[in-house]
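Here chain A shows up in two complexes: once beside chain B, once beside chain C.
And now, the complex of A and B:
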């Protein structure tokens, strides 16, 4: 039996060599696929990385056009990541206990190094996220990307939308200043507003869903320590976890649904590739058989076919995504340098902030709530959410999928709907502001009448009738859907702008804050 | 007779469930039941049996100079007290719309949040508030008055001095 002869000090030599090679090997271990300079290495780069492999290794050229997605989903993701990082930093100092909470935000704002900057970025990124998610939803809608097989992902998207708003709202309470306290008081009472109906019917004593909702939200019958802890728990744990989980599903579904939506004739409409983009795709001999392809649905993989209209995701898609991430960060940081996150006086349960305004994206709701709490705060929003969720199941047409404003009617219909949406919202608002509403004319009218007939429900009715008319006029469900989505978006914009800029103390209409009475 | 799973004798004679399947199904159902019950149990947690809220009963001395129709708001309380020829009464200043604190004015109450207005007796005169402000129970105790914010009384109920 012969053992290899180890020369004296040979192991020492090996050790030294290994030590010297360690940095290079560490690099090899990290970038396992090597420099991504061939197509196979580019592919390995994607699928051997947990995070990148949410992407397919090659991306269709249609997807890479800016006009396809406008990068809005990625911008939303980026804004979420920014809030995540800055939020964890804020948690170092924030204390979720009434009064102490206010002091800790003040410390963060005035004492902690970079605290104000981080707080500003957190606040701005949250706003950017809300804007981006709304625009993203609009993009998905107008390119008819919700259609088969993407209905389920549209529903997941709805969940993401609601959670995003929930995150913003729960965050709004945490500073425990006047703004926060009164926004939450109003919010919690909106949860309680089904009482408007149960009271009118005289059944509140034994059937009180409103009171239960409020109790669940506040954990008490006043806005106090229990409410703050609950909102904190939702804001830093439950909602972010739910959002992250749903985002995972959302991204995974995109791949399972065959990537971004594109028109059926996308391939023939793309310009021919420039010569430098054309290089042999399958340069290496196949290292795998394609038998796995037999168990998935859909068309067979591209064996033996010429190069498709796809490009390697590394670098084409990733660099685009990084660009969106950088741009989003730039916007958030820029805004944070320009404008500080607000902090009013310490919450005072005896004196409401006047006007007490919710975050801007809820001011449209607040405007409707100022007509009827239960309709504006619960009825109409639920209707909108249900309506949005039904869209992919009611519009089963195929024409125009993947095109901006695709489908029957197209851009002219959207233009018309913008006009109808803006005009009816502005006219109804102008009427109410000028002439008041039923109670001012007939003080003794029962509450139930006002709950059912108020500017908010009226506007909803007009919008609904308009889109039914479109369905018949164009003989197309897509036309109806496009009209409905557009008018509601316009209504949202009008009400939000009025709530934000034209409402002063006592929710009275003012042309500008300069006209507000001094008190 | 031995029965084999997967071989129904006729459509009217449904396929017997094999013993293993039966046991498997029962344990799955039992597990689902257990999960359901534990979730229901957990759902009870967020609603405390006793709520931690400050006392809703307080006593207060009215200023001597309080004239009829003039409101007295004890510091830190959402209640307005009045005294007139018929006695003393208390009206809650929590708006019945969405819970802001209304401001007593010479001609009634005004809510800063969405512009609801109430008359001197608390009845809604304009705005989105769905019902009148609550009247609260007042009782005299020596030379001061005890207000119970949890006990509502019909509007017009006044307590003799």
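And now, the complex of A and C:
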């Protein structure tokens, strides 16, 4: 009888010990590599964590310099995360049905606790995201980071850029106010604009891609409940999922392509580190051999080279990333306290907004659409996208990779291109505003002529010729690409500013909204 | 690393401070909270009533969520209000209970809003600001339209007959009458303020005469006697225009005296020379040109100036200067403000509107004099001798 009693007590004792040890073991199980108090343990910590292991465990000091990336990629990601969180919160109250949608936004604005604030953050973060993604693209371009082996990631990045604009555009309709309704009407008409060509050729009856595109976008002949549901679904599900998936690929490719781009002589250009910063990294014997090195692309890992110019990602890189995240949040939150997201009158199909303006980043396109919808809205943007996509495959040079304005021509070429880009855009716009265009001179000219010859196509042609001239003049594709990117960026800025600040009712030029006619 | 660490610390601190600020401001700093807080401590506030919380009147049938009662807390359902206080008083007794019909159906404004400027609609992008309290009864026009309204002359005459025959001795109309006078008889008869809307017995005269004949003494004997047929006609006209808002009827009578329908249409009746006025009262002040209108930017003021001199307010307007008196301008302003519509479910659609929209009933009285003054007089003059407008 006595033996089982002792066993029972032992079991109870074990149970008690386990219970006592449970919190410690929970911590152990969670932080499997122990307290990250040595570089080795920190590396293991990053390595064995699903969310952190997108980073390499050590980061080059060049990458950590603010001038390398300015944190723009992380800022874009941060803005996306902010829109994601605030967007989900808004979905609790938003009702995607015409008229009811408008009322629900009013309720969010007036009675949902901090609803107005959350909607403001959502709106501002979306705008910050668009700005950040454009700047990020410019950074990658000007540091020639798209070059081999990063061509594919450049293409992924372009996809992310397009989806970002798509997310903004679909979100624009959801409040169902006048602003939204008429901006989407314009968008739908741009989708229909291939009819400009098919009508001129007289083939619309049996070949109508424009009408099909419009129907695909709206799900109906008019902007109504189908369009709203469609845009809602795109905005809250399809596009965010696509964006998140591509973001994953984008980040993963950064690692696979060898981390952040840096000049070949980056090591020698970094300031030497102070003596107390230099300490041996691999104090413990390596636990594994380098068998995996056989399948790692590029130069083999740090065999035979000291890791002196790398730092453990944890905490150096993480502090930098979190700092950018919090700075982006600070900007979005600060702007949200200053300025409310717009909400105009309830959408009214009978009363057109005049001028009906798209979101600001589309106003450059709308400026060109004013002349020809199909060229301004579809032709030229497609050309730009194709051109951007081709750049890494045309520029196969190596000089200047990883340096700001690196490559043939350098900053002087960019400076010259800024001047050319701004001047030609402003001059063409000034000419059109002062003297009008073909339609004003010859009222009966076929639309096809204007489709082919309009300020937008003319500007594109000038930019294209300038870039070809640069290639010949500097005997370098990089020089041509740098010129082309710069002039298009300048054209975008000029057209956007004119579209935003100087266009009034019927898209007529006004120096200030105060001069707009009152009726 | 130190730099990034500090950046992280300070930006986090900044975000935290801004979030706390926003949370406090969005939740505690609301205007209605302060107003309700004051209401509780105002002298005369009922004990234990008016606790501070967001209030609203909801009626899904009318599609309203009116939060006006969050500030006008005395008008909230279940509250008694503080007499004498402009904001906190209870609503005066009306046919349409505010607890059911809410506020914005009659008064306009933005019911969902909880800030004063937004709620009163004095903001950009809210096309329907409140109807000025002076013209409050124009709000009836949202659902109702007084039928068979004669011109001002006929209406005044009918009122005169009603007063002269001393019907007010026993009946109450628009808040007057039915006061028992010492020695002079008098009796509490039915209130006739809504007789035109609710309908009245067409055999009233015979019944009155019979009762008066049977009476030996008292008010029936002393106060009632035979009435001529012409006077009876005037009384019928007067009664059929008693629809609960005498000022609106008066305004409509002024409209029916000014020949406006010669050029303008209302509910499908009238000329084509000017714009259709069926929903003119809904005009968004945000899209009106106020450059030539002195004073504040309200639609009522704009209308007044427009009646005085149409072409000065709307350049190129073909409408002549009508030479109206200030009183007429006031009445016409009220009438135009009443020209509004609202999507209503069948259960709420009043019969007067149904009669106009579905059965083609005329909104003006169909006697010759009224038809002439409402339509023809615009060009032919009030007496049919022609009309010349200043400057034309």
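Please note the rule applied: the second predicted complex is superposed on the first by the 490 of 519 C-alpha atoms of A that agree within 3 Å, B and C clash if a C-alpha of one lies under 4 Å from a C-alpha of the other, contacts with A are read in each partner's own complex, and residues count from 1 in each chain.
What we mean here is this: contacts are C-beta pairs under 8 Å (C-beta built on N, C-alpha and C of every residue); 3 or more make two chains touch, one makes a residue touch a chain.
Predicted model, so just to flag it, every value in this text is computed and none were measured.
In the superposition on chain A, contact of A:200 is made with chain B only, not with chain C. Put simply, more of the residues of chain A are touched by B, taking chain B and chain C as the two choices.
In the superposed pair of complexes, A:76 makes contact with neither chain B nor chain C.
Once chain A of one complex is fitted onto chain A of the other, the partner contacts of A:372 are limited to chain B, with no touch recorded for chain C. Judged by the touch definition given at the top, the superposed model places A:110 against chain C, while chain B stays out of reach. In the superposed model, A:507 lies in contact with chain B only, and not with chain C.
In the superposition on chain A, contact of A:467 is made with neither chain B nor chain C. The contact surfaces that chain B and chain C form on chain A in the two complexes do not overlap at any residue. Taken in their complex, chain B has these residues touching chain A: 46-48, 51-54, 75-78, 97-101, 110-115, 124-128, 130-131.
Across the complex, chain A is touched by residues 1, 4-5, 7-8, 11-12, 14-15, 18-19, 21-23, 26-27, 54, 65, 67, 110, 112-115, 118, 125-127, 284, 287-289, 291 of chain C.
Those residues of chain A that touch chain B in the shared complex are 182, 185-186, 188-190, 193, 195-196, 199-200, 212, 215-216, 219-222, 224-226, 230, 349-356, 366, 369-373, 436, 439-440, 443, 447, 450-451, 505-508. Across the interface of their complex, chain C is touched by residues 64, 103, 106-107, 110-111, 113-117, 177-178, 311, 315-316, 319-320, 322-323, 326-327, 329-330, 333-334, 336-337, 343-345, 518-519 of chain A.
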